[in-house]
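Note that the chains are named A, B and C in the order they appear, and that numbering of residues resets to 1 at the start of each chain.
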Amino acid sequence: MKKMISLALALAMGLSLAACGSKDAKNTETTSDLAYVQDKGTLVVGITEFEPMDYQDDNGNWVGFDADMATLFAESLGVDVEFQLIDWDSKTMELDGKTIDVAWNGMTLTEDVKAAMECSNPYFNNAQVVIVKADQAEKYQTVESIKGLNFSVENGSAGMEQADAYSLTYTPAQDQATALLEVSSGTADAAIIDYLMAVASTGEGTSNPDLTYTVSLADEQYGVGFRKGSDLAAKLNEFFAEKYADGTMQQLAEKYGIADKLVEQ
Amino acid sequence: MAILEVNNLEKHFGSTRVLEDISFDLEKGKALAIIGSSGSGKTTLLRCLNFLETPDQGTISVGGSVIFDAANRRSQTDAEIRKKRLHFGMVFQSFNLFPQYTALKNVTLAKELLARERPDFKANKKAILEEIRQEGLELLKKMGLEQRANHYPNQLSGGQQQRVAIARALALKPDILCFDEPTSSLDPELTGEVLRVIRGLVEQKTTMIIVTHEMAFARDVADEVMFMDKGVIVERGPARQVIENPQEERTRQFLAGY
Amino acid sequence: MFLTVIGALNEGFLQTLKLFFITLLGSLPLGLVICWGSMNRFPPLRWLCRFVVWVIRGTPLMLQLIIIFYIPGMVMDQNPWPAGETGRFLACAVAFIFNYACYFSEIYRGGIQGVPKGQQEAGQVLGMTKGQIFFHVTLLQMIKRIVPPMSNEVITLLKDTAIARVISLQELIWAGYAFLKTSHGYSNLLWPLFFTGVYYLIFNGLLTLFFGWLEKKLDYFS
């Protein structure tokens, strides 16, 4: 009797292990991502807190240019929107694991991003700018002048791509905020971050009054990322075109103070 | 009539033969002392009687009914073995008291657990447990330990611990009480109190098997003495005769060491 | 600002505590089952249990979290974990419970094997069943033996909950770290991250006191 129980338990454990591996075969029919999202009734939007794109208002609701657009997009699909804070480094894994449906958070359309995701048309013009201490800003107004500096850049970011492109010496940091911290604490001479972030977090009245931005290294654009092969990207492009045509997009951009960089759809 | 009958018992550990063709019987109310050097198989014999080892050959009978037969040992369920081993009580060399329980609880625990199997346990729980408690106190009193009932083993001397262990073995009223070198772990000055207790049990006609190195004790207290060497019974007879006038050469050689 | 940050950290700490207690609740008994399996006389079950323990103890918890949370959705049409925080928390709970159960099972095994064989034999000759011997004789002696290594492991568990942030469970470290970027409207705040240390310290202080008390409580026998 006891042996029977032992055997049954061993079998059960073995089977449950095997079950994890045996599902691979079942990837044949690629159902439409749109149908999948509409079927489950929610669009899970992967974000980080990134003003003015995604941030929480006083009531704890997610607002911002991206958040508002995502809400409208979900509405147009007839599903609920759900915002999920994620570790931005894991966005591709989150998409592939179907734990989010879209990465929508002021994402720079780099070659890597375009290879890993199904991306929408660009909707916003961004740049990578060099951050230095404000009192030394005059010295570093040209690309030539910054070549000898030690940089801090977010690991895997568009800023890091630029640092590579210009053969700059740099140390990767966890994120853009850490890169800024390195500059203000003096452990790095300069950083390369998003223009949007630079506007929001350097200079008088921000959390880094001693820093400022100087050279613009590359103009780049923001897009929205879906699972590779998803038909939602095309759907979003239609949606963008429609909302640009009727002026909704411009109004929202105006509201969040980024109208001058909006891309025509 | 013999209460215990052992026939052709054999036990191997791997390729080593520890017991070879052991046969003997024991009358009710008698005390048998087993002597022999270490490795002679006397402890293994006791462990076989208590189902702590399974013999490879032979039979063990108590009160006329076979409780162990090597020929069909696989057919025994755990529950059956559990019942059968209660024919024997065991006192270990190293006491093996349960350290987390008081002296009294050590004595009563097994009985309380057995009582749970009684159909009327739920209804009379309080009365049954109180009865067991009283019996336990009575046993400790017999061992001269009534003052120590609520002491934990680590608060007792070795001699006191061994007396608690004897009370614990007696609590289940076994037919045959086995002692495995009961004084070997004790300081010399503490052996006396334990031997006195065993002597008292002999006087009350408790059936006992005592594996011991105390030759004088075996001679004075046991009814019979059995000498074992290399897994066989070499000599067996009345206690005084075997110790003082052994018939076999090997017995003589062994006793010469004492 | 201080109140906003403390509020956010409290929320994170609540997640940390939830994960901590649920992990203990699941892994303490599951460890016993795995321990029983890895000491079982039936070889296939014993090998399987020891294999599982080897795999789970031999790979980083962080990796297990990533695998258990992301892989199912990649190979199946839909991710089996419930949506939102619930799913992330559930995945964390499963990974943590399994992970810690394996560590606990080895500590239990050491504890059980450390109880002298004579204790079991004494129970056997008194006609006790295997279950009675385990629960009435071995268990408490085993517990006494395992309190010091268990207290180590439990304190480590509290700190290990920080690993859950790899699948974006918003526990204490996540909450503190978020202020370094942007959270609740504040950016580039370093101190909230450091301040999380105070939470861990205080709670681990309580744990240390508890285990000290437990050790003392079991001091009456040896």
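Heads up, the rule we're going with is that a contact is a pair of C-beta atoms (placed from the backbone, for glycine too) under 8 Å apart; a residue touches a chain by one contact, two chains touch by 3 or more.
Remember, predicted model here, so these are calculated numbers, not experimental data.
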item	value
Per-chain CA centroid nearest to the all-protein CA mean	C
Relative to subunit B, chain with the most remote C-alpha centre	A
Euclidean distance of C-alpha centroids - subunit A vs subunit C, Å	33
Chain centre separation (subunit A, subunit B; CA means) in Å	78
Whole-Å separation of chain centres (CA-atom averages), subunit B against subunit C	46
List of subunit A residues in touch with subunit C within their complex	3, 6-7, 9-10, 13-14, 20, 23-24, 26-27, 31, 36, 40, 42, 44, 48-51, 55-56, 82, 84-87, 90, 93-94, 96-99, 175-178, 180-181, 200-201, 206-208
Subunit B to subunit C touching residues, read off their complex	50-52, 78-79, 82-83, 85-86, 88-90, 92, 94, 96-100, 109-110, 113-114, 152-154, 168-169, 172
Subunit A contact footprint on subunit C (complex, rising order)	37, 40, 42, 44-45, 48-49, 52, 66, 69-79, 81, 83-84, 87-88, 165-168, 170, 178, 180-190
Complex interface listing, subunit C residues touching subunit B	116, 118-119, 121-130, 132, 136-137, 140-141, 144, 220-222
